[in-house]
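In order of appearance the chains are A, B and C, and numbering begins at 1 in each one.
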Amino acid sequence: MGGGLKDARILVDALRDPTRTAALEPEGWTALIACARAEQLVGTLAERVAGLPMPPRAAELLEAARRSADTGRTAALWEAACAARALAPAGLTPILLKGTAYVAAGLKAGVGRSIGDLDILVPRDRIDQAEQALLGAGWEWVKPDPYDDEYYRRWMHELPPLIHRERDRMIDVHHTVLPLTARITPDAAAMIADAEPVGGGLAVLAPADMICHAVAHLFADGDLAGGLRNLWDIRCLIDEFGTDGLAARAARHGLGRELARAVRLADALYGSGTDLTLVDRWYVRRLLARDGWGRATRPVTRLAFYIRSHWLRMPPLMLARHLLTKWRKGGPGPG
Amino acid sequence: MRHAHHLRIGPVGFRIGSDWRAPIDAVADLYRDYPAPADGVADYTVRLFAARPWRRWMRPAITLGGDYLLPDAVPMPLAWGVLAAEMAMNLQLALGERRYLLLHASSVERDGRAVLMTGVSGAGKSTLAALLMTRGWRLMGDEFALLDPESGAVHAFPRLISLKNESVGVVQAAVPDARFGPLLTGTPKGDLRHLVPDARAIAMAAAPATPAVLLFPSFGYAAAERPVPPSEAFVRLTQASTNYTALGERGFDALTRLVQRVPARAIDYPDTATAVAQVEAAWAAA
Amino acid sequence: MTRYVAAPAASLRLVPLDALTLAYHRPSGITHVLASPAPELLAALAAPADLATLLARLQTDYDLADADPAALAERLAELETAGLVLRA
């Protein structure tokens, strides 16, 4: 195995400059596709390299990934339409977040993107109404676990997940952008006030807020799992919307430092390169912790980020309690 | 990974990596006559690994990995390496396949025309396919048939035939000289032994066939047959496909075309000899 | 009175098979298996109609003389939830 396949650099290079794939041997394509699948970026990769010379089998696999993203896009938009229909009688216009927002608004970040659950934002004081409206329209609680349920309702930024009983699709209803326990507290009310309609009883965040949300999602809402995909979103959004007024908006949400770091990381991995701080390099090390077999690598770095992600959004004592409860249940550890 | 093997089954290329040598040696031996992935690019990556480093040596247990996986896969003993590889390869197709409509069906072919046999586990798909193989049919696969939405043809997936419990003895008696994998006892599916498809099945693995008849076999009943209307065949086949929904309109086209063009029959059979006769009659009549 | 109309023909692939009709709904990517009177309802709603007009059309064009208005309204609601019928 070549040195280039020890980390996800092969994927990042292909996304930044698709013509670089011309140098790949067949086993390089196998590694690139495995890595892209593991990072949920195979549809994006397929769009980036479409039409370039490559082994016919690689072209077939990527064409299938592209079509699969298309099907996923259709399903995601339909699910959003269903949520809009369910919430309209309560006078609520759901604000789409993440992948569904990008495809609903026709943004580059949505092209080829894999989309999982439907994420929507509603005002905090309307959350009970939203819950009732969804429960009345065929959504049900996913297996209730008393600890998790209490945890969600007390501390998280969303309702416990709901699933539609016929369509079997999950919805996450957020009322703010980060958990209430997090030290950074973006101004959700301002985001909601400035949201922009996209038709069909749906809205998306205004451009600068959309970038801020993606930044918050990248750093504070997880252990950087899926980080390459989230960073690709940010790169596309900035590319499309520019940075006018962005720093000020990020500062208002308490995300100034995070935005600056995201921009540096996006430049370093997906752009023309920039100077990185020592801490930035540690982030890059974590983001690229995936090898040519699609395996998660660098367990120590991953563990550090996992613990840190919990520390970021919970006071230390609560963190101890949470990790202990999760650990006892054999719950998710660093992957 | 430390040890690796590349192979192609029908149109599908795999790259199998392992922390241990034994599973790779076993897979490479059983699949020794199979070609390499087309253009050297594997459709799917499969990983057999130790969940914790010390598990490589201490009570070694294989955890399944790959491009696509179900959460909570239970590790299995190192001696079941071939089973682990087979399960991991099946999972890639079941969860990740997007080119072909995947039908959970065994299939055999004669004169370019294929019989597809689908049904719940225990309906004898694998046993029937293996026995038909010994009677001059070309085996296309005992687990998955790959329907091409563009051409309407079915592609072979002649992986190792997975024989369970009593069918191990039945098939061993029918083809005593065939190549078998190790007998695995006490697996979640009982006793299990893999049979290598015959030379013709492997040599013709890349050749698709035209579906001629769809059969829904049920084992353990008096011999009986009834035609299955297209709408029932459609609903049963959507349930026998793991990727129907994911294929969107292409899946709808492929499946509606199949059930409109190809006759479908439910066959009940008390023993495999009866079933073989029923399959041959259904093919001849179609 | 509320008026209904079938989803645009271009958004729907209908394949009649023996007793049932398969419907692929492009906007959702969902396949529906329709039994009578759903296919007749969709055909009768090619042009917008309220419930009374729809009932009359079904009786004259599709020979559904015994169509029960309450049951009809229920089928209509199901088709609307699935996106196969829209409010005109």
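The rule is short, and it goes like this: contacts are C-beta pairs under 8 Å (C-beta built on N, C-alpha and C of every residue); 3 or more make two chains touch, one makes a residue touch a chain.
Every value quoted in this text rests on a predicted model; they were computed, and no experiment measured them.
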Pairwise touch network: line, ring, star, complete, or other: complete
Between A-B and A-C, the pair joined by more C-beta contacts: A-B
Rounded Å distance between chain A and chain C, as computed from the means of their C-alpha atoms: 39
Distance between the centres, which are taken as Cα means, of chain B and chain A, whole angstrom: 36
Numbers and ranges of chain C residues touching at least 2 other chains: 26, 29
Sites on chain A at which at least two other chains make contact: 71, 74
Of all residues in chain B, the ones touching two or more other chains: 248
Of chain B, residues touching chain A in the complex: 1, 13, 15, 17, 37-43, 45, 47, 49, 65-68, 96, 98-99, 246-248, 250
Parts of chain C lying in touch with chain A, wherever the complex brings them together: 26-30, 83
Residues on chain B engaged by chain C in the complex (per definition of touch): 229-231, 234-235, 238, 244-245, 248-249, 252, 256, 259-260
Chain C partner contacts - residues on chain A that touch it in the complex: 71, 74-75, 77-78, 81, 167
For the chain C and chain B complex, residues of the former touching the latter: 13, 15, 17-20, 22, 24, 26, 29, 31, 33
